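Would you mind keeping the following structure in view while I ask a few things?
We call the chains A, B and C, going by the order they appear; numbering starts again at 1 in every chain.
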Amino acid sequence: MKVIKTLALGAGLAGLLLSTAHAEGLQGKVIGFSQIGSESGWRAAETSVTKQVAAERGVDLKFADAQQKQENQIKAIRGFIAQGVDAILVAPVVATGWEEVLTEAKEASIPVVLLDRGIEGPEDLYLTSVASDQVKEGRVAGEWLVGTVGDQTCNIVELQGTVGSSPAINRKQGFEEAIAGHANLSIIRSQTGDFTRSKGKEVMEGFLKAEGGGANICAVYAHNDDMAVGAIQAIKDAGLKPGSDILVVSIDAVPDIFSAMVAGEANATVELTPNMAGPAFDALQAYWDTGAEPEKFIITESKLYTPADDPQGEYDRRKGLGY
Amino acid sequence: MTERPVLEARGIVKVFGQHRALEAVDFTAHPGEVHALLGENGAGKSTLIKILTGAYQPDGGELLLEGQPITLRDPLHGQSYGIGTVYQEVNLLPNRSVAENLFLGRQPTRLGLVDRKRIDAQARELLSRYGLDIDVRAELSEYSVAVQQIVAIARAVELSGKVLVLDEPTASLDRNEVQRLFDVVRALKAKGLAIIFITHFLDQVFDLADRVTILRNGKRVTTQALDTLNTTDVVRMMLGKDVTFEHHPSALAGGPKGAVKVRFQGLGRKGMPAFDLAVHEGEVVGVAGLLGSGRTEVARLMFGVDGADTGEVFVDGQPVSIRNPAQAVAAGFGFCPEDRKLDGIFGDLSVRENIIIALQAKLGWFKALNREDQVELAGRYAEALDIRAADHDMPVKLLSGGNQQKVILARWLAIDPTFLILDEPTRGIDVGAHAEIVRTINRLREEGLALFVISSELDEVVAYSNRIVVMRDREMVAELDGDAIAPDAIVQAIAGTPEEARP
Amino acid sequence: MTRPTVDLRPTTQPPFPRPRPLATFFTRPQVIALAAVLFVNWLLFPGFFSVTWQDGRFFGSLIDVLNRGAPVAILAIGMTMVIATKGVDLSVGAVMAISGATAATLVTSGIPAPIAVAAALGTGLLCGLWNGILVTLLEIQPIIATLVLMVAGRGLAQLITEGYIVTFSDPLLIFIGTGSFLGFPMPVIIAATLMIAATLSVRRTALGLLIEAVGVNRSAARFAGLKAGALLLIVYSFAGFCAAVSGLIVAGDIRGADANNAGLWLELDAILAVVIGGTSLMGGRFSIPMAVLGAMIIQAMNTGILISGFSPQFNLVVKSAVIIVILVLQSPLSARLFRRLPGAPK
């Protein structure tokens, strides 16, 4: 099992090596990375991708896992400052309480880049932040569906994320914006699946029963791939074909949704890229090379994947990343 | 001792529901005396004390302080009149400093702030008067109970200064600590305080007190100067049986005994001197002794509730291991515990289940008594013991105390026991049920059972025992058999001599 | 110190609640509550009671309720006995995650599925035994003792899966979660079997009575010669076993072990099911079938909310309101009120 994983990691690495512009500008730089922890597959993938990108660019990455605690992150950042690193990447576990330690970094003239999440506080405490746009992710998914169904009437059921969480709110908003001008598309049912497979499956079962065994449903939109994977199983259990009888569109682009695409059971996913470090390194390199201050908010690409985008290849590339 | 009492109670009556805890009790405390208050558990000592300190309001009678009638709302109010109390469990704040405890609520202040230096200095000075030289800034809990007691006394005296009530202050002290405490008390007495002293250690009473008031069943038996009394007199008055209790039935005394059923040899554990005892078939061994003399502890040791450190147990001459009650039950022992509610009944379970539970435990998990067996067993023993329950499926907690006791007795009879231990089998039950339990014990003895019965009711013990073991200070100090079961002998054995009365 | 002089003779006592004839089954608050919830579901969705035969199995919302309620019902079977001893087991959700993770990791690394299943169940037993040891030998309060595994257990599961959702395609594991037998989903079959087996083994032996005795008065149980410690070890181990079974079902259902989310907060649903089933948290009398019924009430409510089309923000509000009504209905207060009503059963 270990061997397979290592092989897959190698494949993933190769993929990234191909996909990223080769650069020598960061060779020999020492960069500290304070990661939140490994609470989700995506987080684990972000860690491994960051390590890979660093290795590829010749960066000496100092990695610190904070195990969900801000105090650990602050300790790690102080450690990085004491070691005299060239730059610091932080995926902040909470939004507040950063001013003191980031001021220390600023006084030591060490640029700080925030990954994935923002903080509250003066913007001059960090060089830039790299994050995805959750509303845009929802919009991309919605636009794909609009383009796919054309003029046909399409009843959509929605599997929301955890009630009140920001991805659930934003991804719902973006999707609704995208289908707003199209009267033939409407969301007929929307429930929370708590971002989990088993709840996704259970809620989809309920939707299918309530909508004439699924006959009234044209598409399911899930706020993450895990719920979509659960929904696909529910659709199959109901005797329907996911991917054709009911379209499946979701967000995240984790490996399992690509294997569903290979089987023809999923139609589209929008990537929440785990590669936050790539744009961060680009910004640092530009800053060091030219002295140019990057934009404060770098938005990662929300790339759409469909079965036309070599799902098997995407699956293999991602499998080893820790999702 | 001066002529006029500082605190006087006249005709105090206190009623709790249907129970008259105190009936027309008079009590006086004079300056410069130590007045001991004695009585068995339930005699009304605590009730009287609570009325004297203001914790309870009397339902009749009056309190006079230096001849003036007073009404105390609560202990704080009593304190303002100069009446202070120190309880067995020190009720100070263990995690505050000694000095803070002494001055809590009345700290000397400077510019509105607590003047810590002055507090500490005053505390040191105050405690030195009690012969204590300790770091007053340290937390109270760092010191021994004896020191804490003295701190509590110092505080109470500082706050009140006329009457000091000591409620079982020596219960958790060792001999040296007791002496130290007594020195403090004598010094306070010399200063003219009236001290009311409650204890169940008779030797301490004779050691310290000038006068004694004895209560029994809520009534005052006597108030006398102690130099006119000896220990035996005091015990007799506490027990109240005087010399008049019924003579020991001669049928029991020295009568034929069966074979030795159970034998305990050298059984003991930490804090419990080893003892030897053999109980024969068809014999009741009664246990006499004051509360706290180790009666219950012996029973717990026999039944494996507390594991023995030393000794052996033989049933019918064969050694058996009794490390826990389950093993005791397996050996055919039964135990009706003193605290019926806590250790005896399963309140929410039915009468039937309460009766069969020990037998079921003995049979094991998989040999379940079926419903018919249960109904039959419960019916048989309920009838034999005349358990009055409308329905054997009703929860046992709805039964009266006497019927509950009979249910527990039935539970043990159901296992067909070899040896039965009864700890205060008649406590807290009505007169009718009381007589029935005594009759049952006699019947069981006649049927050949070996019994070990603990009771505070001396006449009761005498009525059914073939032999009486007297306990004092956790030791079996005397064994009376046959004609030797004479009231005087029992009372004297319980009282012991003052010199011996402390561990 | 008090010696009551009045002997209260037991005269007119309220009827003791057990055993009841089957006829009174339908007047129990739990049964009425379930009927009411199902009725509301039917109002919200007229097709609720329709069950069809499809692909060799029954198909319909009612079957979904049974199927989705099964994991909590299985937890509740074990939890009932723990609660009957005056304990509680907060770790069952985490044990589910451990069990699923164990089975999934083993089958994906090539171990035969029956062995993986046995290992998962064994792990659950061990987890339960651990709880039992903390409660009996170390005398830690159950809520604290099991809190240890509730927190640590999920971490353990994540260690086993290394943080991934371990997906598998092993037919046996998938069958446990999604297969069917006699037309009913496997989880339902498993839950029903466990319920019957557990009920028989506590009621046909003395275990049930002895467990109740320990729960009512542990000290008196000791004095009566009961081996309370051994009983507690068995009860907690069984709760761990039930959690492991439940964990296998949840993993099989989604064909993967999700250490982060499997069984998350389900311990609370299980405790709720037991309480709805009428077993007091103070220990004593218990009923396994009633706890299973309690689990079904909770699931019927969840399913009802799903098909009602309410916005998910209302889920918890609706759920808690219904639960409050059920608990009030079975409280002693309402029992007294009912008795006062003219014509109410005496």
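Here, a contact is a pair of C-beta atoms (placed from the backbone, for glycine too) under 8 Å apart; a residue touches a chain by one contact, two chains touch by 3 or more.
Just so you know, these numbers come straight off a predicted model, no measurement behind them.
Enquirer: Line, ring, star, complete or other: which one describes how these chains touch?
Expert: line
Enquirer: Return the chain label for which the distance between chain Cα mean and whole-protein Cα mean is smallest.
Expert: Given all protein C-alpha atoms shown, the central chain works out to be C.
Enquirer: If you average the CA atoms of subunit B and of subunit C, how many Å lie between those two points?
Expert: Centre separation, subunit B to subunit C: 46 Å.
Enquirer: Could you grab the centroid distance between subunit A and subunit B? Build each centroid from C-alpha atoms only and quote it in angstrom.
Expert: Taking the average C-alpha coordinate of subunit A and of subunit B, the gap between them is 72 Å.
Enquirer: Report, in whole Å, the distance between the mean C-alpha point of subunit A and the mean C-alpha point of subunit C.
Expert: Computed from C-alpha means, the inter-chain centre distance equals 37 Å.
Enquirer: Which of the residues in subunit C come into contact with subunit B in the complex?
Expert: Where subunit C meets subunit B, its residues are 1-13, 16, 18, 204-207, 209-210, 212-213, 216-217, 219-227, 284-285.
Enquirer: Would you tell me which residues of subunit B are touching subunit C in their complex?
Expert: Within the complex, subunit B touches subunit C at residues 16-19, 21, 41-44, 46, 303, 305, 324-326, 328-330, 335, 337, 342-350, 353, 357-358, 360-369, 388-391, 393-395, 398-403, 411, 427-433.
Enquirer: Quick check on the complex: what are the subunit A residues that touch subunit C?
Expert: The touching residues are 1, 38-41, 44, 160, 163-164, 189-192, 194-199, 201-203, 205-207, 209-210, 226, 229-230, 233, 237-239, 256, 322-323.
Enquirer: Using the touch definition up top, name the residues of subunit C that touch subunit A in the complex.
Expert: Listed in rising order, the residues are 45, 47, 54-55, 59-61, 64, 68, 108-109, 158, 163-165, 167, 178, 250, 253-256, 258, 260-262, 264, 302-303, 305-307, 309, 311-313, 315.
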